[in-house]
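In what follows, a structure is listed as structure tokens, so that the remarks can point back to it.
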């Protein structure tokens, strides 16, 4: 049980310059006994209202140095404060506020909402177990209008899809990776120094002047995983899900026109989905 | 990988009387090799477009006798047709069309959309493993305006929640149960004969003339599980998640009024959540 | 300016029996001067927080006898209390809680959320003008699987739609009518006595044993309007919008099957829309 | 009646460089007669399917030079082709794809979805009337963490809001302006040359090094209107709606802490709303 979508803004000021971190936190606990379920005995139950208060108090006291550090702080607090907690998990996602710029000059206290991929993290711990930290990005929608195809696939009497070597590849990415058992990482430093987001975009798109051919969604997913694993040594395992939107080249023959991939109709349902988890060992074997 | 949200309507006619079943199907496969991820070799890949075609062909040929039977048909088809499939999972949810009635008379071909709880099911199978079937109901929102409290819980310096013995209990239920390894069940018969939906409503509400006191969300979740397990012998394990909306009694003192639980404000975020999975063995022990 | 989505639950008790009315209220004002826009002078501005308080105080004091009466109470309060208010409009929609029944017996304090059409109303008044009241129902989704066609329409070189005399008609209805300048109406009585909802369903569906042929969405919209105007003398003008979802009979020839309108695919975008407003005068002329 | 959410992507290629314009189009017509409503006579009805075809054919033939030009092309086509059309309105909104950049280098065929404000336009025409064009931006969410207050407002017994001279101002902007009766405008040129979006951001935020004090949402709305009208001579009238989210400074006294505007809770419902339409004449008078 736990509390979902605890939303708040943590405002930090350095002189006249303001920094904002707005987050949604979900914290879930499992207790050492199930007596509240079986007998309605609440004596060891920490109310979800108290869970919310603790999250807000920690935000006030420690600030949010990084999403990951804050998730670890919350897990640590519950494990060290409450002996009746057998397991704790905290998920945090960030509201994508970006500092406004006017003619290239950053504004000291104005921000704009830019949801081009949402950063999130997760920390979890069992009593007597390690604290494990995950991070990721979701709702990242990308499109490439060529350098994508799908050929040589398995065919039988139910196959109606034609082979194509030039199609649009468009999809929403969910990427989540594990930092393994956590040492003293500076998570935002890893994110920015290793340019994780840039890695993902680059693996999807290929070089800016020519792109890179994708023979399938599966291969594109694998490329993203391989590049992140090779560029970010702290990442142990990476899961990528690509929910793709198919763009159908409209047949305009009955309207007397030849449509040379100029007008395409997005097909939102059904959509394909392709998921893969890749770890270090598997990586070196491959 | 697979195909999500394959939406279609299966229309069945008996004379002038029409029967509709509109569903959303998601079918996912895992293949015996990962060469399409690692090498971009698509030779054993069944396109998601073919997956969609197969689902639609099965619907046309077999109809949808019940959601569960249709999910099993799909899994069976993939396992028996494609030797490269190592695992198949199919999720189906129903669009809640109900037959219209005029002055109590059922209409032969008119329907109304009534989303008061969505039925769904899931079937999954590994090669050489059993076909396992789950069923459930989700998005079922219930409220009781009294006979609910929360007292005697654990308190410390972060506790600000007062004890209450008369509060509103309101939440959205997700219930999912397993029928175990499947024999020749008539699933719709189990659903209707055992009145599973009615069980859930009754366990939540208590007797119509007086209700039944709930000492916590956890206990209510447990009551639902216990009643379903006791009334429906085919159910092996049941998971219930209750996402509750808190209704705050508005303090109107500064407006010169005494609010005797007459005006309440729903608090949508954050919301509490409480989940539990209960199986037969645990049931008899309890 | 104003306050949107003021959400609250009004609980009314008669002995042990509870009655709930949960609503969302939006109240907007226009003031007699625009000095707050032009000069930033707030001296006559009623804060939206005060608007919210007033709505809640009225709910506490008067209860919600009907949505329409409550909307009128709010408008009256603003007009009589604040001379700087030039115009007030209040929109209210109801959260669709229905009393639970167990084996036909109504439960004294348990409710279920059944969103099969949302009731709403609107009241508006200019200073020195009449108080005008509207009511309606929205998000009402209906389907008939036959007795619908579309033939004899205008054709040119851009027409690819075939004529059809047997198609599925499925759509979401928005109906809003005016009660004109308001006298002392008992609005819930009008709603229930005249069976407005039943009128709409009946005009859409036709008789339960055979239905009624619809030659177009437009004609169905008109039928609904005509029936409501003829059955409910208090209604002055009625607007109906029908947003229809097209169900495409899937061509399965390339899969070796003949699909006799058994498998249909809903096309959610684009969707057709058809709106019409019909008043008494026009009605009698027609 | 008409067709809503006609979604398509128009792909334009210049050598290896690709340009995408994905849009949603809604086109509505009113015919010169209402016989299809009253008599079910469809002989002058242009099917919504034909409307869709025409939009797609125009996109194929003309491309989408700008949203506004494309909306005008559609209106012109219906007015000149069909004498039974009495009125036509076309609304278009853009799917916010932006070209990807790698280390500052633009990618030739890869794009990212960045919904930080959605551009839209509207064109409408009555037979024998002028073609009027509107343009706008919606879903633009902005926040400033200081330089905002609300003081000196009207107070009575229902006022509980304290005066504040330092609060967070956060809201979603909807801006729509009219270009009046349309001459041969190059609409994208007006948009980019006059930096309309930048105008709105600047009027909201003030100078980057210090901001500008906002005494009310109303005054901020007015500032945006005044700046756009003064910087963009082609704009005749501008409507701005600001739906604001209130950020509540959490009282942490009962948790033993002093919260100096460091932890704030967003209040999503109810939210205030403030709308104003300002034209040239009013502008000069002000």
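Each chain carries a letter (A, B, C and D) given by its place in the written order, and its residues are counted from 1.
Everything that follows uses one rule, which is that contacts are C-beta pairs under 8 Å (C-beta built on N, C-alpha and C of every residue); 3 or more make two chains touch, one makes a residue touch a chain.
Note that this is a predicted model, so its numbers are computed, not measured.
Undergrad: Using the touch definition from the top, list the chains contacting both subunit B and subunit C.
TA: Shared contacts of subunit B and subunit C: A, D.
Undergrad: At what distance in angstrom does the C-alpha mean of subunit D lie from that of subunit C?
TA: Centres of subunit C and subunit D (C-alpha means) sit 26 Å apart.
Undergrad: In whole angstrom, what separates the CA-based centres of subunit A and subunit C?
TA: Computed value for the inter-centroid distance: 39 Å.
Undergrad: Pull out every residue in subunit D that's touching 2 or more other chains.
TA: 7, 53, 57, 158, 160, 255, 269
Undergrad: Report the topology of the inter-chain touch graph, choosing from line, ring, star, complete and other.
TA: Drawn as a graph, the chains make a fully connected set, so complete.
Undergrad: Which residues of subunit C touch subunit B once you look at their complex with the stated criterion?
TA: By the definition above, subunit C touches subunit B via 7-12, 16, 18, 20, 22, 53, 56-57, 59-61, 97, 100-102, 105-116, 140-147, 168, 198, 201-202, 204-211, 247, 250, 252, 255, 257, 259, 261-266.
Undergrad: Which residues, counting only subunit A, touch subunit B once they are in their complex?
TA: 1-7, 28, 34, 36-50, 52-54, 57, 81-82, 84, 150-156, 158-161, 215-219, 221-222, 243, 269-276, 286
Undergrad: Which bits of subunit D are touching subunit B when the two form their complex?
TA: 157-158, 160, 254-256, 268-269
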